[in-house]
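Look for chain A in each of the two complexes below; its partner is chain B in the first and chain C in the second.
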Partner chain A sequence: MTESTAPLAPLPVAAPRRDHLLRRLLRHRSSRLGLILLAGYVAVIVVGPLLVAGSPTSDPHYQNLGESLQGPSASHWLGTDQLGRDELVRLVIGARYTILIGIGAVVAGVLIGVPLGALSGFYRGWVDLLIQRFIDIVLAFPHFLLALALVAVLGPGLRNLIIAVALASFPRFVRLVRASVLSVREQPFTEAARALGVSERRVLWRHVLPNSLTPVIVQAPLELGSAILTASGLGFLGLGVRQPTPEWGTMLGESRDLIFSNPRLLTYPGLCILGAILAFNLLGDGMRDVLDPRLRSRKRLPRRLRRLSGKAGR
Partner chain B sequence: MMGYVTRRLLIAVPTLVGVAVVSFLLMRLIPGDPARVLAGPDATAADVELIRRQFGFDKPVLNQFLDYMGRLATGDLGRSARTGDSVLAEILARLPYTVMLAVLATLLAVLVGCTLGVIAAVRREGLADLVLSGLSVFGVSMPVYWVGLLLVILFSVNLGWLPAAGAESWQGYILPTVTLSFFTIGFISRQMRSAMVETMEMDFIRTVRAKGVARWAVVLRHAVRNAALPVVTVIGLQFGQLLGGAVITETIFAWPGIGRLLVESIGARDFTTVQGAILIFAVALILVNLLTDIVYAYIDPRIRYD
Partner chain C sequence: MTALLDVKNLRTHFHTTSGVYRAVDGVDLTVHAGRTLCVVGESGSGKSVTALSVMGLIDAPGQVQPGSEIVFDGRDLLRLPERQLRSIRGRDITMIFQEPMTSLDPVYTVGYQIAEAVRAHNDVDRKGATERAIELMRLVGIPSPERRIHDYPHQMSGGMRQRVMIAAALSCDPKLLIADEPTTALDVTIQAQILELMKDLRDRLGTAILMITHDLGVVAEMADDVAVMYAGKVVETGSVTDVFNRPQHPYTEALLQSVPVLGMSKEHPLRVIQGMVPSPLNWPTGCRFAPRCTEAFDRCREELPPLFTVDDQRSACWLCETGARGSAGVEEIYR
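Moving on to the complex of A and B:
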């Protein structure tokens, strides 16, 4: 921190930010809230199943029609559903399904979208034209409806759900990476790599792409929220995971007819979904403020460095 | 202006064709034998054979594709496997309900979203901004179906003020419209806020202020009109989301629109109707984006000349 020790020579503009990322996210109001919420969800996913284990009713599939639609009690903290299954157990076990579907879909979307975007932006020409027209067409379909149609055709189930959500969302990653690659490929270090005789392919995958991923990282939490929204919406329509699996959207959809008699069965899973999406959206908002490459390139050096660079300039 | 409109129209044509191709390919994605799947689990071998011939699955894929595109060109979307009616006729009968719902929700969202965004920007960093920004994050995070169900629980079940389903009376429009606009309100108010914050820092605003114009007039006459520009694009951008929400909203409120037709057809494995409905939704999205591009160019002449 002391200015006297700071050497004025090369400014650490690309200083190691990554290890400070978490701290910076925790300083930001919205991402702090998002991270706290997310920590709660992670805790439920990891520890939850152990806490609810121990009795026969702690199996999310355990049915007891004699105890169906009970209100909250000491043995069933959040009551039971229409098949006498413990609601809390199902919510806790459901966390892993809903959240893992979201993560799976985003990972798959990144795996499809990032290479396509990289090829498109790096080689330009007819490769770019071809990929971009293809993306235009996929984007012409409303996101949710494309996922809906894919699940309708492929059939429900965990794997198909992830495929459908990923296929409906990967074009956004293509666009992001392409735009980023287009600017990174013009950077001097790319030229330097070429001058050293590095092959085109290696320039792309080893030099350009790793430096083009910031927008993807910034966008990832928002995409996670969106994937969970889509997947649980499909579950709500009865097109999500297969029957007894306690996915939150599916639970909501199954309880729809009980809206007049047992609205609480609609309240709990909805709150869980809202919390998860909210967490990712808040984290995404903070992430954008902290990491946005536009802010970074635009004179947003910390005040200490700004003063130093001013001195160094003179 | 005419040149710009023509250019945009021409760009939309290949996308339309591509969308038709994808809708054809969707049907080919059905795992296994499509005729077998379409016939349903109880069908006999003869039924399956009949369906195979009826849908042309016995012909080469290229022929099927050309047949499909040829029929589309004449406006024929095929016949519903469930009712035997023309898919196009069924869609057209339900179209007004979906259009009405989408238009009302968009209007409400623009009105409320812009107002909230402007208030948040004017009271920047203040309590109103904090509350409104928080609310708008909620708006974009609330799943459509949950908003709808909560509104039904509150206004239909508990208070009994509004009908929970149907489009028979004007009261029936209120809950679906509010449900569908929820996400868009959050989305637009966020965009409007940041656009307003940016505009309020511009030099011309300082000039207007220096002239002694009243603060409300600075905001309403000068800042809002400039900040509203990007919001026009946002309406087009979120329209796809709105259409997806419409499908869920229509399902919740038993709304007689295309969205419910789509969901019912999926349940009945009536894939011709599914294909037709998806195609119509995609065409609607393309048209709305075209329209917002044109409106944008009309309001902001700089766009036309690049």
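Moving on to the complex of A and C:
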């Protein structure tokens, strides 16, 4: 080496900008719509109660029989129900229950279903047989009927509703994770880990499971929509959240006698439920596309770059 | 010379609905401390199953048959409970695989995976394990390891990943490294680098290597000793110079003749071995190479030849019963 060659300084390496999941979801048409809708719901849950606060009518339980069944007006934007309660206030307060039930049920379903599916697919043999036959039994009952029967046994109420919906939805996660684990456990890296002395249990929970979760991530939002639907259905039948609590399904049920005289009392909560399910389904749809690497290559250039490539000489 | 690993009459069978696959059917191997044994053979000759049997990684429906013996460092691995076997795996015996592309878990950084191997056998905290991981990566020649430990496998090339696998395998200074075709998936220049690295590590750390390959070039490069496998059995063993210069088994000879050489012409075309390896579902009776052998006679088709000792070599061919048979060695073939 001659003296003129200075020792090479390590080249500065810019950290690659990671293409975050959220950014990719926003780029996808249907998940963008889903996220916007969902952001609306979250805003209603967080900010809504503050906006409607102030007057006695802002209490969702405040009754005024003198003002029952009024149409929309300046003081009650969406009118009042049969007990004179403000419809808008009840819808705004009700948002949190519906979303809570949906998320609670899916989280519980994932927490029960994923470990069961992982054990089943990884250990095979009699563990698999036992778990899968149990799942067969659960799946033999129609989804909604099972939740209905469970609530009938456990009694109505927010917590029991979440349990019932979760128990009706977890078998799908078991099946999903099992299928995925069955293929991942045959990957060479599991054998390589074993050859390095990693324990069987660690191979399952640290190597196989994390590699098997993609389908769960896709299924969870779709399952959220269906959980909300089941919960609303139970509410409609009077088996959901108990009466004065303004849960949307329960509100639908309360006003079903008025379907011809005051259809708006069913329309508003119905639209709210529809929107929530739509939001989650759109999100799930987009997630499926975004997480599928085969579709990634069709990604378009970001708008900024497209504009640049259009302008010559800049 | 002390035998570090002594495999005796290893038989690993797979019980399937269509019958019993006798993939490994009576294999004897010896690996000496600090030396390299290369196991060569065609696809389907049972090389990889032998390696996995030694590691204790045969999954159902595979089963190591009773009567087999795998003695490592004075202990029969087949008699050890799974728990003790696991403490030997990765510490005393480790293995690297053919596919560096898929042998690393894609969801963790390479540093994490080397550290995991370190922590599986040593009582160190995360920081200590990470430091050891950096040290190991430097040992296997990965540049700027402090930065590379944060890389995910997909950010590395095949050669780099194989280096990472070797680093993880060396985490506890193993006595024996089993390498199952470690360079087959790599291009030639990288292949040479990895082989060079393994030789260097063997000399520096004194690790014995059991290397599985079908590439005779790799054997010539790496091996001290050679075992030639055919149809679930070892047909010839000996030191690399003996086996290459004076092959005693017709199969070994045919294998050496089917290596393409630069400068071959139409007048001397590449010789191939006719036919296919028979199915492990029903091996032929007698010598298993007899149906493809140009020198086979009646006895070959009826009786299975044992391993005869010829000088320092051993060969399972009836022609060797009475002593060395005259045969063409590498030099003669390539002349």
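Quick notes on this one:
Note that in this section the second predicted complex is superposed on the first by the 272 of 314 C-alpha atoms of A that agree within 3 Å, B and C clash if a C-alpha of one lies under 4 Å from a C-alpha of the other, contacts with A are read in each partner's own complex, and residues count from 1 in each chain.
The rule we apply is simple: contacts are C-beta pairs under 8 Å (C-beta built on N, C-alpha and C of every residue); 3 or more make two chains touch, one makes a residue touch a chain.
From a predicted model like this one, the values you see are computed outputs, not experimental measurements.
By the touch criterion stated above, A:S73 is placed in contact with neither chain B nor chain C. In the superposition on chain A, A:F144 makes contact with chain B only, not with chain C.
Of the two partner chains placed by superposition, only chain B is touched by A:G155; chain C is not. More residues of chain A are in touch with B than with the other of chain B and chain C. Contacts of A:D285 after superposition on the shared chain: chain B is touched, whereas chain C is not. In the superposition on chain A, A:H207 contacts chain C only, with no contact to chain B. Looking at the shared chain after the overlay, A:G238 reaches chain B, while chain C stays out of its contact range.
Judged by the touch definition given at the top, the superposed model places A:F189 against chain C, while chain B stays out of reach. Annotation: chain A has no residue touching chain B in one complex and chain C in the other. Contacts from chain A toward chain C in the complex involve residues 10, 13, 187-189, 191-199, 206-207, 210-211. Taken in their complex, chain B has these residues touching chain A: 14-15, 18-19, 21-22, 26-27, 29-31, 137-138, 140-146, 149-150, 152-153, 157, 164, 239-241, 243-245, 247-248, 251-252, 262-263, 266-267, 271, 274, 278, 281-282, 285-286.
Contact residues of chain A toward chain B in the complex are 30, 133-134, 136-138, 140-146, 148-150, 152-155, 225, 229-230, 232-233, 236-239, 249, 252-253, 256, 259-260, 263, 266-267, 270, 273-274, 277-278, 281-282, 285.
Against chain A, in their complex, chain C makes its touches with residues 55, 57, 86-91, 94-97, 99, 102-107, 116-117, 120-121, 144, 147, 165, 168-169, 171.
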